[in-house]
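I've put the structures underneath this note.
Okay, so subunit A shows up in both of these, paired with subunit B first and subunit C after.
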Partner chain A sequence: MLYVAGEISGDSWGIFAFLCAAFWNLPAVPALNSTEEVGAGQSIQKTYDLTRYLEHQLRTLAGTYLNYLGPPFNEPDFNPPRMTRAEMVPSATVDFELWRSLNDNARLAANYRAYTHLLCYLRGMDGQVAKAELRKNLGHFCTSLQGLVVSIASVMSSLGYPLPSPLGSADPTWARGPGATSPHNNFLKKMDDFWLLKELQTWLWRSAKDFNRLKKKVPPAAVMLRLEARDF
Partner chain B sequence: MKWTVLLALVLPAWPAPCSSTAGSDGEEGLCHEQYGALGTDLLLHCDTATRVDWRVNGTQVAASEDAVARDKGQLWLRNASLAQEGEYSCHQPGTGKTLRRIRLQVGLPPEKPAVECWAVSYPQTVNCTWKLQPEPGLETDFITTYRHGLGAQESECVQPGAGASSCTISDIQLFSITPYVLNVTAVNPLGAAMTLFPFIAEQIIRPDPPEGLRVSPIPGESKKLLLEWQPPSSWPFPQYFPLKYLIRYAREGAKNDRTIGPYEQTSFILTGIRPRAIHHVQVAAKDFTDYGEYSAWSPRVSGTPWMQQ
Partner chain C sequence: PKEPVLMCRSNNYPKGFYCSWHLPSPTYIPNTFNITVMHGPRELVCEKDAFPKNRCHIRYHQLFSTVKYKVTLTVTNALGHTHTALIFREFTIIKPDPPENVVAKPVANNPRRLEVRWQNPSSWPDPESFPLKFFLRYRPLILDQWQHVELSDGTSHTITDAYAGKEYIIQVAAKDNDIGTWSDWSVAAHATPWMEEPKHLTTEAQAAETTTSGTSSFLPPPTTKNCDLEAVVGSGATALTWAAGLGLAAAGILFI
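Now for the complex of A and B:
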């Protein structure tokens, strides 16, 4: 499991950009070493459990973070219009018939892409938060979210699916640059954070349903061994 | 006070045939519908500037503190009450000719409806209901529309029939990041009131209670009962969105009950129960991923464990 030790400081977005780019080029992580037999079913269960855990963590984190942003973001009935900027993260919102018709590969790929994007944005948020305690909680959440991404990758790998290629270029121009910290954009930046937390919440809701669906299709007793080497 | 009187004056009194029969002289002619708010002062107008005789439901209106016949063909009803509802008619003094008929209904303008929405059949539909407190006492219509997000087009929340107090929204988007907002507007001749109810489908999931609960003895087992049930028939896709179940049971005559679960299966063997005693069982359902709320408890079903003859 890839660990990012310590914190990313606010002025090193270059490092963060590098990390995001590097992450996209990460080789597929095999779910097993040659001496273990881990069923795809067990990986799916683990991933499902992780989404529930993250959802629980997010509730606490979001509450604290929105209080940090202050009003109106922490007001319960705050319901702003979604500004029609280019969607930064693929949306979890989906029509039921479409969701139902997704094959396993598409379902997993959608989750993988979403969390990879969300993780990058979260890491950006991490560096700019003033309060140390909140930074620590965010960092912890990022680590757990990273665990989820790796878990999804391992499920895809054990089912024989290729990891999706990154959307857009490896250069994260969609990442927030130094300009985001200027005072003129302060409110807009807070709005971005607000929507990011909502995206995370809806994706975690959706993933629980996605992985529950996958659980039903792959029985836990199934054993799938992937020892094939991967080229990159 | 003066304002409420004015309001009663400007209320549209449109001509329509009134339901009750006309006065004793048998003259037909158009009847005016008039609405007044409870507890306010109302003015009924006759079509003339002179003094007239007023009758209600055929009989002379008794002059009292609350009903004063004034000049210029007006009847002043003070502190309107339900007892003053009826068909009023004004007549020419002497000839008794009917000049105008007015059907008066007394009620209240609607208050903001209390709205509740539940995704009983997630993800197909969201069902919304509302109550008006206090009851207006007049025929009240409801306009029910909804939007998905603040810039979106308004769509209709479909009511099953006229005078219903429920409506259904179909084609819900799953995992929506912006809430749906339902608008319920109550309208009656005395006024209108609107409630906005925002919701996210995943947060208002509440299935109907499980169905077909059976409590059966198990041959050879004097301390066990077999429980079996079905998911509610209104839950459309138990294979995509499974449910989990709580079981509540009590022995006949016992003070407390026990609640166990949740379990995903639709059957359960209750063990360690008292032999030869009647036990009452109920089951409730919730979305397996824990969104929304538990259903109401199913109706109670009773059973006794197997007894050696």
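Now for the complex of A and C:
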């Protein structure tokens, strides 16, 4: 695979943008061999399980990372206002009725887009971290998150939905330029990281609910197969 | 007034949440409570409940919010005012009400089984989209140690390792499948596993017959009078037939 954990240097936003663009053009995941319905059912379950696993991983990672950022970011009551820059991160927040009424394609697409963006931004964060151990943990998390993106793509593919089209090259706002050393910028960067982690956490919570809903909509054939497997 | 105690909880996710409060010690003079709820820059209205008076509720307009909620409660009386605040994210205050109508029944011809059924708490509005998982605990009344089972779906469970003839206490708790905390334990259900007719009892010891199939074809089906051993032992009825008296003696031996 193209992505080597922890190796992306923070000062080459050209490579960064290229990687983000390349990611959008992931080769289409081959449809599963067995009937598409069975494939979809199992993929949805796997994707659900993966979101739970990632949510768990993130708890530890976020705690460590926020401690690395230092106060006030690691204080439990820290409640800063959202800044415009941070709004670049795709938000999981959604109107309740709208969320309920999303069709399967829209629901999956929202997840796919969100995690693809989040993964890009996380990888951008990766190269900035001074501590090697934390860089390594971030790298592992990114690999797992990439697995989630592929898993979602697999579900969409097996249900016959096209993958969402890329939204153009990576936003330069998020590119970490070389040597941004002014303390004001440094604080803003930390703020960005803070919101990125929070948004990621919220998305993982939301995805569990999204995939719960999708599980219910899996065609009966797939459900029957899963039930039979459980009753052995 | 002393600093009030404030609590917020969502037992009806994703509809909204409620906050309730009280003073740790009485002031003996009238107090007014003022509550404000901020969601980022937005102030939300917390609608006061008619009863209980020290409670209000908020409806969620948005789900999966990253921005925290801040609830501030101010208590004012003639002697001054104090306040307290809670800051939390949407997911951390989710705690369903306990499951309802927990019922436990013996299983015919199965001396080690108890069938437990319950219902989702009625306050949980959408168990389809926001399924609950359950935690069951049970123990015979004579022992202190609980056994636990976690169940990821379904509202029933069959206990298969009950001690024969012992009365059990059973409780169930609920939690959203993915987020939040466990509910309090439900109201307890009591049940005693099915017992064979006393006159057909063999040397069944307290702990464990490892019968799993449980169909004893040579036994006649137990009469209701024999199943209800508690009532037989407890009743002071004078009109006991000789057969019931024998059953009583056998039951007495078993309960030693």
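Note that the second predicted complex is superposed on the first by the 184 of 232 C-alpha atoms of A that agree within 3 Å, B and C clash if a C-alpha of one lies under 4 Å from a C-alpha of the other, contacts with A are read in each partner's own complex, and residues count from 1 in each chain.
Please note the rule applied: contacts are C-beta pairs under 8 Å (C-beta built on N, C-alpha and C of every residue); 3 or more make two chains touch, one makes a residue touch a chain.
Just so it is clear, the model here is predicted, and its values are computed rather than measured.
Chemist: Following the overlay on subunit A, give me a clash-or-fit verdict for subunit B and subunit C.
Modeler: Once subunit A is superposed (C-alpha atoms), there is a clash between subunit B and subunit C.
Chemist: Considering only touches as defined above, state whether A:216 meets subunit B (first), subunit C (second), both or neither.
Modeler: A:216 sits against subunit B and subunit C alike.
Chemist: Figure out whether A:190 sits in contact with subunit B (first) or subunit C (second), or with both, or with neither.
Modeler: Touch status of A:190: no partner.
Chemist: Going by the contact rule set out at the top, does A:46 touch subunit B (first), subunit C (second), both, or neither?
Modeler: Neither subunit B nor subunit C is touched by A:46.
Chemist: According to the stated criteria, A:202 is in contact with first (subunit B), second (subunit C), both, or neither; which is it?
Modeler: A:202: touches subunit B and subunit C.
Chemist: After superposition on chain A, which segment of subunit B among 20-28, 38-46 or 182-190 overlaps with subunit C?
Modeler: 182-190
Chemist: Overlap the subunit B and subunit C contact sets on subunit A and report the shared residues.
Modeler: 52, 77, 79, 81-82, 91-96, 99-100, 195, 198-199, 202-203, 205-206, 208-209, 212-213, 216
Chemist: Note which residues of subunit A are touching subunit C in the complex, please.
Modeler: Answer in residue numbers: 52, 55, 77, 79, 81-82, 91-96, 99-100, 195, 198-199, 201-203, 205-206, 208-209, 212-213, 216.
Chemist: Contact residues on subunit A for subunit B in the complex?
Modeler: It is residues 52, 77, 79-82, 91-96, 99-100, 195, 198-199, 202-203, 205-206, 208-209, 212-213, 216 of subunit A that touch subunit B.
Chemist: Would you tell me which residues of subunit C are touching subunit A in their complex?
Modeler: Spelled out, the residues of subunit C in touch with subunit A are 14, 40-41, 60-68, 70, 87, 91, 128-131, 177-179.
Chemist: Would you mind writing out the residues of subunit B in touch with subunit A in their complex?
Modeler: Interface residues on subunit B, with respect to subunit A: 123-124, 149-151, 171-179, 198, 202, 237, 239-242, 288-289, 291.
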